[in-house]
Amino acid sequence: MRSPTKEQVQKRLSRIEGQVRGLSRMVEEDRYCIDIITQLSAVRAALRRVEEEVLKDHVGHCVEHAIRSGDAEDQRRKVAELMEVIVRSER
Amino acid sequence: MRSPTKEQVQKRLSRIEGQVRGLSRMVEEDRYCIDIITQLSAVRAALRRVEEEVLKDHVGHCVEHAIRSGDAEDQRRKVAELMEVIVRSER
Amino acid sequence: MRSPTKEQVQKRLSRIEGQVRGLSRMVEEDRYCIDIITQLSAVRAALRRVEEEVLKDHVGHCVEHAIRSGDAEDQRRKVAELMEVIVRSER
Amino acid sequence: MRSPTKEQVQKRLSRIEGQVRGLSRMVEEDRYCIDIITQLSAVRAALRRVEEEVLKDHVGHCVEHAIRSGDAEDQRRKVAELMEVIVRSER
C-alpha cells in the first residue's frame, strides 16, 4: 500500500477499533438492542469503506505494476484475485 | 460472450422471465406476502448467479484478450470496469 | 396485499419482465458483458424495491391485523417471519 | 439483552477488536492488499453474526415482552424498528 493510503487506512482502522470498544460498552450498559444493531451496521459500513480504499490502492499500484511489467501470468493472477473479491462480496 | 455461456445464460434468463411472470400471478391470486417476498429473493439470487456467469466469461474471454494483446491501455480499462462492478456490488 | 400496492407491484413486475426480456436480447445481440452486468444489477435493484413495497404493505396490513386481533400466537408467527426475511437478506 | 447472549456477544466483540488490531498490524507490515481485503471481509462477516445474535435476543426478549403486554402501540413500534433493520440491511 502506498504511504498516503496506508496512513488513511490506519486512521480509519483505529477509529473502527474504538467503535468496537464502544459497542462492548453499549452491551455492558444494557443499551437498547436496536441501537446496538444500528451501531453494528455503522461499523460494518466503515469496514466496507476501508475495503474499497485498499482495493483502489491495490488497483492503482499492484495491478498497475502488473500491467506495466507486461507479465501476462502476473496479470492473470491479479484479475483472478479481483474476481474472487467480486464473487465473495456478492454474497 | 462465448457460445456455451451464451446458451446457458439465455436458458437461465428465460427461466427467470417465467419466475417473474409467476410472481405476477402470485400477486394476482392474493398469495401470502411472505411467500411473495421469499420468491422475490429467489429471483434476485438467480440473477446474481447469471451475473457471476457473465462475469466469469468476461474475464476468461475479453479480459484474457486484453492480457494477450499486451495493450496496457485496454488492460487498464478492463480493470477499471471490474472495479466498478466491485464497488457497485458492495452496496 | 391492498389494492393500490397490488397495482403498483404488478406494474413494477411487468416492467421487470420486460427488462429480463431486454437482457435476453442484449445477450443475443452480443452486447458488451459489462453492459449486461450493469443491467442485471439494475433488475436486481428493481426487484429489491418490489420486495420493500410488499414488505411495507405486509407490515401495514397483515402484521397490523395481528396486532389489532391481540392474538399473541399470530403476533409471534409474524415476528418470526420478519426475522427470517432479515436473516436471509443479510446474506 | 439476556445474560447468556450478553456474555457471548462480549466475547465475540473482543475477538473482533483483536481482529481489527490485527488488521492495523497487517497494514503496518505491508502485507499483500488482497490478504488485507480478505481479512476485512472476515471481520464484516463476524460483525454480521453479532448483529444476528443481538437481533434474535431482541425478538425473543423485548419483542416477546411487547407481545405479552398486549400493548398495541409498543408492538407497532417494535415492528417498525424491525422494518428499519430490514430496509437498511437490504442496501
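Letters A, B, C and D mark the chains in the order given here, with residues in each chain numbered from 1 onward.
Here is the rule we use: contacts are C-beta pairs under 8 Å (C-beta built on N, C-alpha and C of every residue); 3 or more make two chains touch, one makes a residue touch a chain.
Here the structure is a predicted model, which is why all the values come from computation and not from measurement.
Chains that count as touching both chain A and chain B, per the definition above, do not exist in this structure.
Chain B and chain D have Cα centroids separated by 29 Å.
Averaged Cα coordinates give chain C a centre that lies 24 Å from the centre of chain D.
Mean C-alpha positions place chain B and chain C at a centre distance of 18 Å. Chain contacts: chain C has residues 48, 51, 55, 85, 89 touching two or more partner chains. The touch graph of the protein chains shown is a ring with every node of degree two. Here the touching chains pair up as A-B, A-D, B-C, C-D.
By the touch rule above, chain A contacts chain B in their complex via residues 48, 51-52, 55-56, 59, 63-64, 67-68, 70, 72, 75-76, 78-80, 82-83, 85-87, 89-90.
Against chain A, in their complex, chain D makes its touches with residues 1, 6, 9-10, 13-14, 16-17, 20-21, 23-24, 27-28, 30, 33-34, 36-38, 40-41, 43-44, 47-48, 50-51, 54-55, 57-58, 61-62, 81, 84-85, 88-89.
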